[in-house]
Each structure stands twice: as structure tokens, then as C-alpha cells.
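Two complexes, one shared chain (subunit A), two partners (subunit B, subunit C).
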Partner chain A sequence: MSASVFSPLLAEIGAEMRQSIRAPEFLIPTIALPVIFYLMFGVMLARGGTEGSTYLLATYGIFAVMGPALFGFGAGVAAEREKGWLRIKRVSPAPATGYIVAKLTSTLVFSCLALMPIYLSAGLLANVALPTQVWLVLLASHLLAAIPFSLLGLSIGFSFGSGGAVAVANLCFLGLAVLGGLWFPVMLFPGFLKTIATALPSFHLAEISLDIVNADSARPVARHLSVVAVTTLALAALAVWRWISQR
Partner chain B sequence: MTAAIELQSLVKQFGDTRALDGVNLSVKRGGIFALLGRNGAGKSTAIHCALGLVKPDSGTATVLGNPAGSIAARRQIGVMLQEAHLPDNLTGREHLALFASYFPKPADLNALIDITGIGDFADKLYKKLSGGQKRRVQFAVSLVGQPDLLFLDEPTTGLDKDAREAVWNSIRTLAADGRTVVLTTHYLEEADALADRICIVNNGRVIAEDNADAIRQQVGGSLIRCQSELALADARSLPAVREGQRQGRWLTLLSDDANATLRSLLTEDPSMTDLTVNKPSLEEAFTALTNQHPEGHA
Partner chain C sequence: MHQRFALTVITTTFILCAIVIALLPKSVTESSSLSSETLDGNSWLIKDATVYDGENWLGVTNIVVKNGVITAIGKDVDDDTMTVIDASDKVIIPGLIDAHTHTYGPAREDAQRFGVTTMLDMFTAPAMLSQTRADREASGRKQGATLFSAGMLATAAGGHGTQYGIPIDVLSDPSQAEQWVADRVAEGSDFIKLVYIPESNRINSIDLETAKAVIDAAHRAGLLAVAHIDTQQAASDLLSVGVDGLVHIFADSEVTDAFITEALARNIFVIPTLSVIAVVDGQAPGKMLLEDERIASALTTAGSASLNTDFGGRIPGFELQTALSNVRRLADAGVPILAGSDAPNPGTAHGATLHQELMLLSQAGLSNETILHAATGLAATRFPIGQHGLLSVGAPADLLILTEDPRDDLTATRGIETMLRNGYVTSRAVPVINASNIVLPATLADFDNGIEAPDNFIWSETSDSMMGGQSSATLTSLAQGADASAGALAVDANVSADFAFPWAGAFFGMTTNNGAASLGSHDTIEFWTRGSAGRYRLMVFGKEQMGAPPTLEFDVTDAWTKVQLDLTALENLDRGNVTGFAFVTPMRAGQYTFAIDEIRLTRAP
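Take a look at the complex of A and B:
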């Protein structure tokens, strides 16, 4: 009997993964872009010490999970909604949660695929040496970051047509990355940009990851964690509201 | 046994448009039921209420004894919507397998592929299919749950003649199996060829519900066609004429008493030619019925 609960979910996840694998126009940029950036800025330009490579390992990890979350959810949901697929599912007995859980699973799998080459480049090419448990906690912090970005992507997918959703997802993708200090450290920012950064979830998520890789860090992690928690709840509420109002 | 569909006093307003204006409809189990109406008449909104996609402002919709849109209702129905597509990057067979996972007793997929005749393209990605092939995969998907009640919204739009015949045959087979099929269509010949009962919706109301013959009868009268010079206004004022239309030299009159109309017509225009007198077809009955009920809510 338990099979009847899990088999729709497994079927849904399988279908979702299969579709993503068959869409290289989505896969290649989301997986290749972060590691290419990391190789350029975190490996080649950071010769001489591991400090820069370690710093950018933490922040590019956040950048790497943003792509699958914002584009998989944002652009994917918008396209499927516009084509009427969500209406077909609504009149079928498919559980609404199955769709979201399958998309989230697929986002996490593709996030891992985007993170692995960055971790390997950091460890093997840039000589970033971290204890095993630190690597694992870092991976956990990066994967957790996928949740608020997925919720944001979901709101975008429920709010815009497929063309608009891609544009808005791109805007969020670049804005959150650059202004949140994922590409260049926030400490290099002029004053007003620093203020903007502290308002963005990408900044707080990056600070948490930075604290994990830096044993001597004096970052107020509890504060960053609470900001992330509140932001995530707010994004969840936004997603639910957008979901209800598009029906 | 409860009815297949029970719609009671459904009202739905979209902005300035009253899409449903008190729709009452009861569809018995078994057989093929056609909802007929012009674009914007309210037939799709009525179906969407029965599916739970649209929440009516007032009134109730029940499907097989369960509230419309409830999980119990959704498990027993199969649906083919208009302008609703399956994801591009899965094959027809993969779509069927995904849908099979939603239902307690899914159909045997190979048998279903055979019955619906989609075998030649069941393993192609959905995005590579032609419009008609996509429609037929959607039809197969609607049957995965072995539904007691099947909703088909304009099922044969975009199909060529052979594909349409194939879908018609599947629909007849399903009905012969004891299932209920509810379809909306704007092809009158489709309703005439398939449906045991026809319901005509106009301006958000049900204006006729019966079998095709009875609907023809309901209009009654005779259709008089001839080539004549007589002005349309004069022709309309002839005795017993209910409706009149002119297309070029051709004059068409719907008369309640063909003998009376013809006697005056021959007096008024002795030069008229090519006279025929017929009972109205379903299409003419439909036109007459929907014209008798002009805009109620201007």
C-alpha cells in the first residue's frame, strides 16, 4: 500500500528529471557558468594564496544553486502554466505537492551537479584544504540556499508569462549575485551598495557559507540565519499567494 | 444511482460578462451528451465549473455524486481540455505512465496505445508531434484512469477527417462500455453523429436539452428556399414566417405553416424559381434556437 503513496512522487520526479536532461539549453548554462566563473576568478586570478579561492568557493556555491532554482522553477513553471499543463494536472488526481516536490528534487540534483565541479576545482586546482566535515556542512549550506531561491522562482513562474518569467528570473539571478556580493566581495563595495547587499538573501546566505569555511570568522551567524529564515517564510507566503491568485 | 453531472443554478460573472446565468443541467449516466453553443455561449465555463477549474459565484456542481473538483470526483473522470498541452520533452508513452501513477486502477498502457491508435508515434517526444497527433495523445491520456465519466472539450478540433473518424469510433466504443461521455463541440455534425442527447447553451443559459430529433422538432416548421426578387422585409411579413434570410438571389424562410406562406409568396412574386421545402436540419434548428434568444444582457 505504501507504494501507492510514493509511486506517483517517484514517477513525477523521474518525469521531471528526464525533461530537464532533454533540455540542454537549460542545463548547460546553469551547470557550466558557475564553474567557468570560479575557474577564472577563484582559481586563475587567485594565485599566491588560498584565501581568495576559499572565499569565492563559499560565494560561488550560492551562485551555483541560484540558476537551477530560479530558471527551473521560474521559467519552467511559467511555461507549463502558459501551455495549460497545470490545468490538466489540476483536473487529474495528481497531488499538487508532487509537482513542487519533484521540481525541488530536480533543482537539488542539478544544484549538486553545478556544485561538484566547483568543489573539485577548489580542492584540486586551487589547493583549498578543508576538513571533510567542513566540506559536508558547506554542501548543506549551499543546498539549503536552493530553498528560498526556489520559492522566489515559484512566485516568478506563477506571476509572469513564459517570456516575462525568463526576463525576471535573469534580473533576479544577476541582481542577487552581483549585489549580494557573490561575484565580488561586499567589502569592496561603496557604502550605499553595502546597504543594498545587507537587504538581499544572497548576501546573508553567502555570509553563512563564509563562516563555515573560515574558522576564525567573527560573523554574526545567528543574525544571518534569522534573516534567512524570515526571508524564506516571506517568500513561501508570496509563492502561496501567487499560486492561489493565478488559479 | 446518482447523476453523472448535476449543475444547479450556476452563475458566473467575468467582469462585465455574465458567462453563466443560472445554468441547470442534469446528465444521466451512460451515453454521449453534447453541449452545443457558439463561442462565448458559456459551454466551456459550465464544463470548467464541473471540473472544479472555475468556482461559480453561486450554485452547485456535482460530479458522480461528489463535489466538482474534489479528489473523489477527479479519480473517476478523464478530461481532455482545449488549448492545454502536455510538456514537450516527454514521449506519449511517458506521459501515459506518469498519469497511470495518479490513478488507483490505471488502464493497461499497451492496450490503451492500441485502442487509441497512437502506436506509431507513442515513443516520439511530444514536441515533435503534429497538432492532430498531440490531440490524440491527449485523448489517450484522458483515458488512463479508466474513467466512468469522460469530459472532452472540442475533441476533434484540428484533426483531419480520418483522425476524427478514429476518435469518434473510440468515443462510441467507450459509451458502449457503459461510460458517460460529455463533449462540447461547435461542429453540429459531430453532435448529430455521436450524441444521444444534446444541450444547447446560449448567453449563459440552457435553451434546449433533448435528443437531436426532438431538438429539430422543437424548432418545428418548414424551411422554404427559392430564388426570388422579393424584398427581405416583405418576405418576412408573409403569413406564418418566423425567420427570413437572404443570400444573393436566394431567399430562405422558416415558416410555421408552409402552405399559407407559399400561397402568399407565389402571389407576391410569381417569377420566383427553384423552390424547395424541407424540415430544418440540426444546424438550422441550432441557428433558429440561438437567434430566438438574443442577448439577454446587453
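Take a look at the complex of A and C:
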């Protein structure tokens, strides 16, 4: 019954995570970097009130899920494609979705591992206090943010060789983080950078999380949600197109 | 082997997240975005609450709410298809009715945060009526209290009500009454309010003939006529000509037995507004209110500021003790007493002050049960407000879930755990306005390159024409500025006497509707000015500011002079939420030409 349906999927997820753990050169930076940054900017430099720490908790949470998504999918898929693993997968009877679901699960697990130290730093070191439901909704918003980034990573993985994919993933990683206002609040940006920020999914995802923690003024959440929805669909279309182009 | 590994990792991650969330510090206050989003929907089965329906205490009762309307109420009503709100050990009362308010700015939003879901407005700009009438019937989420209003008031030229800057259709003769009431009907007034204070030596009043004509015309139009009075004599006069209710208690003399007999015979009601009488009598009741965290936490900065103000001195003829004893004697005799705050007068704030009024009614000697009736169901028997204030089948589900029983402690009405408006769980959190992201720059304008303003700001003309006056202003750029600088701003203003508080000038304001800016560390504004001689005014505008803006005066002469004004002198200024500055003419009618230049914010040494 259900076990027989899920056991191949679980096996694939297990294999996927084992593989990631065996490649710590991706894992360690993606988990450690966000919390180190948050400790520097969100805890040490944001003393004197929890406002700054709360704000950056929302944005660094988005930053934290970008790493596993972009590198796990981007670099990972590219490498496996180069090794011919994807071609084997395509001729194997196991559905291709299993491969994606396994990667996504693994991404979410590592996202949690990247998020928790940030939450703990915010709560225990920077005294950020939120109602229980807000912590949970914030976590959900951060984890859901992994989906559009995973789709972007997937497109990168399908489009570039393993070396190129790492470079492009890095470019997206830093570009989306800095220009989307995840490292420094967008309100500190000069006018033209603000315009660039509004074109990036990272900005809109961060705004949704900021609304959840109720940072400063009211935000047009519906607009941010629709931008995110449209972007996610576009990235999904891009990923499907790149997947089909493999043949 | 992979399977077990996957399960272990996923489970461990899940548990890790749960432990971390459990370890994280929790804030006590509910997030505003959450309380309304997690409990979505407007259909519920509310179970096992102790219910007061606005008239009777029903004991432990269930309430079924479908699409925002109460469809069943009783001990045995049930519907297992509906989402349950468990209200055992809780007390449910109808949303409160404030029977005397004046509605400006965020009044309805402010009132709703304190559980006031219906407001009976006793005079506001008629434009407000059409805006709020549509909202009254709307079935969706409500941003503010439902409004029923008198609209324009009936008063004499130069009488009470004309001092607020709203153009008033004044009455001078009984023959105007019929048309006057017809105009109010056309504007959408729900009832008629008149001001009758013939004994006042400070302001004008309509005479009794005119008052009678207005009351008669209102009754012919099928409308209630209620009156503002200030003395027992004025109240007696109006009783004799058929007024339906008094919207203040008189506090100039002890109520006589004859008056009480007449009040009962005429079946009038009284909205005492003890809170505002307490302010006039110098009791500073608003300051006490601020000490209650349940009140303070729902107040805006402007609301707190308003509670801290007063009328600038005691006014004779308004003795709180007399007012309290008059209310007690009228209530004991059976004259219906309604709870009303008269917000936003000095020393009051929308919503908050109604809770104050309940306490003052208690101080007058009314029982807690009577007072709860006065603030809910009683109003529905007197005013044409449908089932507002009642929890009965067909009524909108406007109700308050309280943690304590207000029969034991009247202040329990402040401890609202959940508020339903039209069936929707409605947030009581103060809207977050955080202007710290925009700090006003030190140089507001130097006009060296024309009429320029920093990012997010713009210069515009301002005059009383926006309130229906006739004044006007034109802004132009001057080539020669003050202090040998390159340019300046010139204002040509034509101030007309048609308005109670005329103004015209230049406005420096934000480009966005909902933005605000902080003064940062600055406490002084300095600028150069010259022009038609006179005492000019600098008005500072703030977000959610109520009433007249804080104002500083400065003298202008024919020669360029540097003016420095201390902004800390403005008591009611919320320095974190400034939305603009207006440089305006003296209040006297006439033609003015003036220039301003080099406007800077500084910090006093």
C-alpha cells in the first residue's frame, strides 16, 4: 500500500541527502554563511532595540533558503547531468518527478538547518520575541520561498555545465541577495537600486516575510504575493522548457 | 537503508524546528496581521458563552453566525458543520454603541479598536454621510465603526458649531426650518441635532421659536430631533416644544422634580456625556484612562495626545458633581440614559472615552447592568439604527468576547479577547506607522533652482478653499533669495473673510498619502522671510493628527529676516510622524505677498 508507493521516493530522498552530506563544500557555506552574516549585521550591529534585528530576521531567512535551493539544484543538477545520471534517470522506469521531489525535500531540510541558527540568534541573542503563530508562519514563508529559487536553480542546472552552473548560481545568489535587499534594507538604497530591487523575486519574498513580522509600515502584501506567484509560474515554465530542451 | 536515513533526517529536522520554535521568546501581544488571518471567515458556532444580548442576560448560550449575520441564538442551538469558537468561561456582549461622537479623520477606525462598533454622530461634515452610508450595509470586513449621523447641526450664525471651520447652513428664522430639514434629509442625515443655548453670553443661539420649528419639521420628515443644551432652563424650554432627547446633561443646577416629571411625561432620553463635563470641570479623566494598559495599548499617538489635553481652563456652569447627581436622579426616575463620549473633544479620544463614560455612569450610581444596556441595546430602541447594539437573529454579528464579566467589574469591557465585526475576527492592533525610514533632511528647501523639494516631498498651494472657503494662493519662484542666495519662494495670497479660520499659503508635504517622516534629532526650524507685514503662522501636520494642527507664529516685515522657531514648544506634535509644514498668512482678510527661503531644520545648541 502506501509504503510501496513512498519507499522508492524515500530512498531517493535518502540518497540525495547522503550525497549532499558527502559534498560538504556546498553544504557548510550554505548553512553557515547566512547565520554568520545575521550575527554580524542583525545582532552585533543592530543593538539598541529589536526593530533592526526583527527586520533582518525576515530578510536573512530568505537569504538562508536561497543557498540550498540555488546550489543544490543549480550546481547539483548540472554535475549529475554532466555525469550522464540524468540520461539514466530518463530511461529508468522511476518517474522524473521523484528526482525533483527528492531534491526539493533535501533543499527544504537544509533550509531548515540554515534557518534554525538564525532564528535562535534572533530570539536568544537579539531578544526578538514574536507570538508562536508568527514564528510558525514566518518559517512557512521562508520555506515556501525555497520553491521559486529551486526552480531557478533547476533552470541553471539544465542550462549550464557544472563549472558554469556554479558560477551562474553564485551570481544569482549574490545578486538576488544584495539587490533584493536581503543583506541591507531596501530603504537605504538610492533611487535606481530601489527600482532594480522591485524587479527581483527576492525583494517581494522578503516583503511578505517582513509583513508577517509586522516590520515598520503596512505593505501591499497582495501585490507581493501576486508578483511571487507570477514569477514562480514563469520560473516553472523556464525549468520545464530547459528540461525539454535536454532531449 | 536510504529510506530509513531519509525518514530519520526528515523527522530529526522536524523535531529540531519544533524545539527551536519552542525555545524562541514569545511576545504577549498578538500580531495584528495574524488574528484576522488565521481565524478567517464570517460563519461560526460560538459555544458555551455567557451572553448579554443588549437587553437580557441569557446565561450559557450558543450563537450561530452565518455569513456575518446572527442566525440562531439559544442554549440548544447547534450546527456541527460550522467552525466552533469555544467561548466557555467567556462573556459575550454586543459591540458597544457610542451615542455621542463627532467623526473626523480616523474616528471610526479608532473607536472600533476599543470595541465600539456603532457610533451615533452628533455633527460632522455632511460629506462624511455619503461615504459611510454605503459602508453601513456592506457585509465584508469593517475597517471602522458603523456610523449613523445628524450630519450638519442646526445653529445660529456665530453659534456653537460654527467654530470648527466646516461651512454651516445657519438658521436665523423659524420659516427656514422646513427647507433646512429637507436639505438635511437630502444630505442623508439619520436624525436632526440642534444647538439651543440661549443663556450663553459667549456665543449666539437660535431662539425657541426656531428650535420648535426645526423639531416640528424633523418630526414631519419622520426624523428624531435631539439637542445640545447647557442649562436646565434651556432643557426645559426644549422639552416643552417636543425635543426627543438631550445630548448632554446640564450641570448648572440640580435637576428639579418638575423637570423629571416632564421628562418622563415627554418620554425623552438623555446622553449625559459626563466624560467631557469632567474635562471641562478640570478633572483630567483622560490621564487616568491612560494608566490602564488595556486602553493605552489600543491608542494611537494622536489619541494619547488628545487624552492629555483640556479646554485650557474650567468653564463655570459645568460641575461634574451636579452632572453626576442629575444623571442619578433622572435614571432613578426611569429616564433612559445612553452612554456617549463626545469624542474627539479635548481630553477625550474615540473609543477609549466611552469606557471612561461607563465608569462615570457608575460613579453617578447606575448599576453595571443598566450601564451595559446604556452602551448597547438601549440605543437601538431610541435611534433608527436597526439591530445594532443587539445580539438577536438577523443582527450583524458585531460582538465582543470578554475574558471577565462586566457585571462584576465594569472595566471588563476593556479586556476584549476577540472582536467580531460582521462575523469577521477583527484586529484591535494599532496600525503600525513607522516613519523612521524617512527622516526629514536638514535642508528642506533653498529654492536656488526653483521650487524644489527633497525626495518624497512636494511644495503646493494651500488655502481654506479645501474646506469650502474662498481664499487662494499662488506659488512662484523668485530670482533673488535671502542672505545673498540664488532664489526664493514667493506666495501671492488672497485671504477671504468667508471662512471662520481663513488661511492661504505654501504647503510642504509628502508625496504619498500614507507616508510620514521623522524630525530626527532636529528641534528647531529656521528660515528667511519677507513680505506684507503681519503675524504669519507655521502649521505642522502629523499623521493621524486630530483637530487644529499645532501652530507657531512669526512676524514678517518688508525686509528679509531670519526666523527661528522652537518645535519642542508644540506639545501635541508627534515628532516621528510629521507629514508636512504650512507657511500661511495672518487670519485677517486681505491681499498678502510674502517670500520664504533657506528653510532648514537644526538642533538648538
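What to note about this one:
Basically, the second predicted complex is superposed on the first by the 243 of 247 C-alpha atoms of A that agree within 3 Å, B and C clash if a C-alpha of one lies under 4 Å from a C-alpha of the other, contacts with A are read in each partner's own complex, and residues count from 1 in each chain.
Throughout what follows, a residue touches a chain if its C-beta (ideal position, glycine included) is under 8 Å from a C-beta of that chain, and two chains touch if they have at least 3 such contacts.
Not measured: the values here are computed from a predicted model.
In the three-chain model built by superposing on subunit A, subunit B and subunit C fit together without any clash. In the superposed model, A:Leu120 makes contact with subunit C only, not with subunit B. More residues of subunit A are touched by C (comparison of subunit B with subunit C). Of the two partner chains placed by the overlay, only subunit B lies in contact with A:Arg87; subunit C stays clear of it. In the superposed pair of complexes, A:Arg18 makes contact with subunit B and with subunit C alike.
Within the superposed three-chain model, A:Val137 lies in touch with subunit C and out of touch with subunit B [touch as defined at top].
In the superposition on chain A, contact of A:Asp211 is made with subunit C only, not with subunit B. In the superposition on chain A, A:Thr105 makes contact with subunit C only, not with subunit B.
With chain A fitted onto itself, subunit B and subunit C come no nearer than 7 Å, counting C-alpha atoms only.
Common to the subunit B and subunit C interfaces on subunit A are residues 7, 10-12, 15, 18. The residues of subunit C lying in touch with subunit A in their complex are 1-7, 9-10, 13, 16-17, 20-21, 23-27, 29-34, 38, 431-434, 436-437, 455, 514.
Remark: subunit A residues 4, 7-8, 10-12, 15, 18-19, 22-23, 80, 83-85, 87-88, 90-94 touch subunit B in the complex. Listed in rising order, the residues of subunit B touching subunit A in the complex are 51-53, 69, 71, 74-75, 77, 79, 81, 83-90, 94, 97-104, 125, 141, 145, 151. By the touch criterion stated above, subunit A contacts subunit C in their complex at residues 7, 10-15, 17-18, 51, 105, 109, 112-113, 116, 119-120, 122-124, 127-137, 139, 185, 187, 191, 211-212, 214, 216-218.
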